[in-house]
Amino acid sequence: AEKLSDGKVKLGVLTDMTGYYADLAGPGSVVAARIAVEDFGGKVLGKPVELVSADHQLKADVASNIARKWIDEGQVDAIVDLVSSSTAGAVMPVAAEKKRITLLSGPGTTAFTGEKCTRYNVHYTYNNWALANGTGREVVKQGGDSWFFLTADYIFGKSLEEDTTKVVKAAGGKVLGAARYPSPGTTDFSSYLLQAQGSGAKIVGLANAGADTVNSIRQAEEFGITPKQSLAGLLVFITDVHSLGLEAAKGMYLTTAFYWDLNDETRKWSRRFFQKHGKMPTMVQAGVYSSVMHYLKAVQAAGTDDADAVMAKMRETPVSDFFAKNARIGPDGLLRHDMYLARVKAPKDSKQPWDYYQIVKTIPAAEAFPSVEAQACPLAKR
Amino acid sequence: MTQALFGQLFLGLINGAFYALLSLGLAVIFGLLDVVNFAHGAQYMMGAFAAWMGLTYLGVPYGWALLLAPLAVGLVGMAVERTLLRRLQGLDPLYGLLLTFGLTLIAEGLFHHAYGNSGFAYPVPGWLRGGVNLGFMFLPLYRAWAVGLSLAVCLACWFVIERTKLGAYLRAGTENPKLLQAFGVNVPLMFTLTYGFGAALAAFAGVVAAPVYQVTPLMGSSVIMVVFAVVVIGGMGSIGGAIVTGLGVGLLEGLTRFWYPPASSVVVFVVMALVLLVRPAGLFGRER
Amino acid sequence: MPGRLVTWGWLALLAAGLAAPFVVYPVFAMNVLCLALFASAFNLLLGYTGLLSFGHAAFLGASAYATGWALRSWGLPPEVAVLLGTALAAALGLVFGALAIRRSGIYFAMITLGFAQLVYFLVVQLPWTGGEDGLQGIPRGRALGLIPLDDPRTAYWFVYAAFLAGFWLLHRAIHSPFGHVLRAIRENEPRAVSLGYDVARYKLLAFVLSAGVSGLAGGLKAVVLQFASLSDVHWHRSGEVVLMTLLGGMGTVLGPSVGALLVVALENYLADTGSWVTVITGAVFVACVVAFRRGIVGEVRALVRRSFTGGKP
Amino acid sequence: MTAPFPAPAPAGEMLRVSGLHAFYGESHVLHGVDLAVAAGEVVTLLGRNGSGRTTTLKAILGLTGRRTGSVVVNGRETVRMPTHRIVHLGVGYCPEERGIFSRLTAEENLTLLPEVRSGGMPLERIYEMFPNLWERRRSPGSRLSGGEQQMLALARILRTGARLLLLDEITEGLAPVIVQALGRAVRALKDHGFTLVLVEQNFRFVAPLADRHLLVERGRVVGEVARAELESRMESLQRFLGV
Amino acid sequence: MDGETILETRELVKAFQGFVAVNGVSLRVARGSIHALIGPNGAGKTTVFNLLTRFLPATRGSILFRGEDITRARPAEIARRGLVRSFQVSAVFPDLTALENVRVALQRGLGTSFHFWRPERSLSVLDARARELLAAVGLEGQEQVTTVELPYGRKRALEIATTLALEPEVMLLDEPTQGMGHEDVGRVVGLIRQVAAGRTVVLVEHNLSVVRDLADRVTVLARGSVLAEGTYDEVSRDPAVLEAYIGASP
């Protein structure tokens, strides 16, 4: 009569606690997950919900080791966040093999719901396809029709570059080249920026994230690149804008799944988060909250923590909260929800702390994400 | 085309200036103490952090950091020499390498624990903001300053070591420390001071590097590997040799970045292999 | 020491190894075996030839990648894939060794470190290694084309068998005529030369052997963890193997394995504490170098010897 | 067979060594050396190759691996002192292998040594005494001829103001003319009241200079010949030296 | 002089960074003789040995062994041809037992030194010969002692046993009696005389009584050049030698 294996539901937040993405996910993701568990009441089906977290240090092998240990020894039922695509890519197959659920909020690689999809994975917050379409298309439309990429040389960066290249070409622009730098580990972007400058492209597309984005934007300014060429930050988080300052970031287009100042609901939740964490939530952190909530509800509804049953329930039920409205998880594992194209405000337009974005438009879910048919996921074919 | 070449060469020169400064400190320590100071990278990192912490917590400006950070790290270095390195005297020099390796892990781990990995930007001081257009590239003023300052310090060190009384002690000690002590020089103190000085030199490089690269706990270990290769190529023969090889390797990397960017991080090691084939003792080295 | 006691001791160890997966988490046990083999191979150089290689991760890592590739893309059976990785590591050892042997002491250490960095950057850059992502999703395959290794215990015994083979080879090499020459070289190189030994060629063979067995360890590791990653070629790994050897006792047969067990256990235990692992590893390193140069097995051996010879150090 | 020797008045005593043992690593080289030297005295250590004379000088300065016993310099016990402190009690050392620093010029070699006492010889006096060095002052140490190196090694300790000079084989490998010049220099030093301990192979060189000869064998002082007894004991002395 | 020349140097020169340690030394060592090399400290004796066995490359000049030019041969090869040296500071393998020390030298003859797959047992065929050699230098009963624990003089004896194991045609001994007590000196002198039967010995020695007892011929080096050559009696009367080395009687 055991409905819950080993008498509890255990969630693991596996994230980058100290590295380049610690700001945009990291401890904030843990806080978000904890709030979700609290909001749910701390218990599901009358049994306690436990939360563990660990630092994968952005290393794929560390991440897969921790996941293995969590599953084999720690009875973890679902692994949350998995910021950085290389760690997510390492953990997903391990989890799937052992029938555990992964809820991706941090990583962007489109292939996680494409050729790399698994039966037990939900890609929750955003993906590269959405970023490329949101930002890429808009920038080309504004006249930025020749591109050069500055790409973090790992699965996420390459996939973002690839997705954006398609969008730029489809919109009639051209891509003049790319400089790929080792990441994590690069802090001096000057030589890559010089390559970008030498290319003569109008737009330098930043296919990177977190601290890399911040550094490359700063150094582009230092080397006098920015006034002549424009930067397109393909994945920019509110924490990045915060550490860059509006002066450096102003005018930049970006695509996001979440902004704290969208409506009353988002403001209410974000203020709570701010009180606990001291920073406004990024879309990743908001996504972690929403995904944990959705998972726990599904366990409740299914009456078991069996992964197949829970996955079925999660797919069945639409997500409707401050993060997403009426959004559904496809057979490929992708949660399709509305995205927002935003523009960074100039300092003079910012009325209060963290008042950084002006929402240019809402991209409806169907436009924001690839259709199920367009995905190379074998699960979606049936 | 040539624009890009000059640009990359210039960036190479910046890196080269740091390599030169670091391999110089390494050579000084190795010469006198017979220790390959693996912790050199960590000391470089600590210099940068000291500057950043000074600015963030105490408001110490860049100019003072150039002075104070090396001093602080130098003192730590002296304490290390007094308490730990000294016990290894007379043993195989490999133990010195291993000890300093362990110290590197400790330092990196502590800073990583306290500050994470993503690093901090150290703002370019106001009076060095902006830049000049050289035609082939836009040169940030600070980077020009970094090259100039590093080279000036290298030359000053070279001058002190090759041309002054203090340097004479150092050179004599390198040759025969026992005998120098038999002439009444306090060689143990000299060892301590030299190690402290080497560490301070690394820290100085760290302060200069802080606004160029990010201030991160791992900033030292990536550069120290290249510096070791520089040392193998140059051969620890002379102070001048260390400086010249450091700059040369920086330029070479710049050149490679122009022709074939992916090879730029390996070229120094390839050159190392080639040099070993032709001159096992290195370009400026003496057979021991 | 009474020979029979030693034999029984070995048998007990053998049995303990066989039963290990029933007691501890098999992946942990396999990891220990791989690194123990790696450290033992390293010890052939440091402990028995007096050469400190600071770039041994290159051999471990290169073989891990090659094995992984052979398993994943060519679908070779695991034992063939592992042997392929071993061969690659040995070949790499031949090339690097031939160059590095030209210098000794501290320079040798720095040169090997340099070569390891070369390998590291190549792995970062080459298109098929997966860069930062590493080589993921390596299938374990079927040993000898028959036995599937998906079950952790089966996999463990496969690794255990390979470990024993590698360990036996090293043990044999140490006690072979060749091993005697190596010890002579370690203790007094000029004298060995004056006895007519072409020291460089012995060092080179030792280097190749050590690189090869390190490769074996790397290949096994790829099979065990289904993964080859940059950590395997990173210089931290090269330092870690020095630590294992030093901590366990260099120049002792069992020392490196004891060291590996302790270090892996320490890292496993502290894994969740993030950077404290590095700090503690560093502290252990410093303690070993400053106060404890004989290592655990070395100290025990000295203790036993002292009590057998009656107080004479 | 430790030979007794007359103990000079402690007031004027410059150096007293008693029961000195010294080791190089594991080999035990000095087996209890006893000797005393009065201020202003010139004493030689005679013995065959390998008898331990060089080691005695080194052990006085704490340059051997390990040493036990007692060494009193200028009234201060020094066995526990680090080498550089002993030197600052006023000791100058001219090592057997000369110890010229090859990367330093002649003049740098000369001026390298810190002053350990006031009253050192000024540079001009030294150049006056050794005109060759003046000519070669800019050459690196390694380029000097053997004789010039020897002069340099002696000259540089005169600058430091040391009053007790330990000179090891200063005539080694030198042409007779230079040996004669050195002889004059040593005599001048003696007249100036320096205390000298000489280790010499060249008996003809030291015979007229020394007040006393101490005989060293197997790491011990086994006998003594005062200048007055030299004639009468020549025979046995030669036998002792294996000539 | 009887016997043909087995070892010869022609105008050998060795310079260290401008300092000439060996300056035009021409030596001829007759087969079957004991040839002593003496001279003041730093005369270049050890350096000559280093040149002969190519531990150092000669700056100029040539070395002939049995009429063949070995100036460019590698050190190990020279040893294999039968020109073997001992060292000024004792050269043993400290952590090996006395038996193993000798066996390392014998082992080369088996031709299995690269065989890392062969068990240790394959070496035990050498034990008998090793014991014989140890006994010859008076080390019987000490076969299993770890060499560090031997007293200094015994180590020198062990070193000679090891050298003998190579059956060298020419043995180069650098100060074999250095650091020995009286009784050891006597024993080693006897030993050298014994092993010199049928082979050639070149000897550097400061102990003149040993030289007098052993040497058929003596070459005196001073400041890198040959100062005198002849029998012991001849050179010990040579005024130049008295002056430069022995120290003339007044």
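Order of writing sets the labels: A, B, C, D and E. Residues in every chain begin at 1.
In this text, a contact is a pair of C-beta atoms (placed from the backbone, for glycine too) under 8 Å apart; a residue touches a chain by one contact, two chains touch by 3 or more.
Composition by chain, UniProt nomenclature: B, C = Inner-membrane translocator; D, E = ABC transporter related.
Treat the numbers as computed from the prediction; the structure is a model and nothing was measured.
Common neighbours of subunit A and subunit B (Inner-membrane translocator), listed by label, are C. Our note on geometry: subunit A versus subunit E (ABC transporter related), Cα centroid distance of 76 Å, whole angstroms. Here the CA centre of subunit B (Inner-membrane translocator) is 47 Å from the CA centre of subunit E (ABC transporter related).
The distance from the centre of subunit D (ABC transporter related) to the centre of subunit E (ABC transporter related), with each centre set as the mean of the Cα atoms, comes to 33 Å. Averaged Cα coordinates give subunit B (Inner-membrane translocator) a centre that lies 43 Å from the centre of subunit D (ABC transporter related). Residue numbers of subunit B (Inner-membrane translocator) whose C-beta contacts span two or more other chains: 112-113, 265.
Among the residues of subunit D (ABC transporter related), those in touch with two or more other chains are 102. Pairs of chains meeting the touch criterion are A-B, A-C, B-C, B-D, C-E, D-E.
Contact residues on subunit B (Inner-membrane translocator) toward subunit C (Inner-membrane translocator) in their complex (touch as defined above): 36, 84, 87-88, 92-95, 97-99, 101-110, 112-113, 221, 225, 228-229, 231-232, 262, 265-266, 269-270, 272-273, 276-277, 280-281. Subunit A meets subunit B (Inner-membrane translocator) in the complex at residues 17-23, 57-58, 179, 182, 184-185, 187-188, 190-191, 194-195, 197-198, 210-211, 214-215, 218, 222-225. Within the complex formed with subunit B (Inner-membrane translocator), the residues of subunit C (Inner-membrane translocator) that make contact are 52, 54, 99-100, 102-103, 105-107, 109-111, 113-115, 117-118, 121-122, 124-125, 235, 239, 242, 246, 274-286, 288-290, 293.
Subunit A contributes residues 17-18, 54-55, 57-62, 64-66, 68-69, 72-73, 85-86, 89-90, 93, 153-155, 182-184 to its touches with subunit C (Inner-membrane translocator) in the complex. The touching residues of subunit C (Inner-membrane translocator), counted against subunit E (ABC transporter related) in their complex, run 169, 172-173, 175-181, 183-184, 187-188, 190-199, 201-202, 205, 209, 312.
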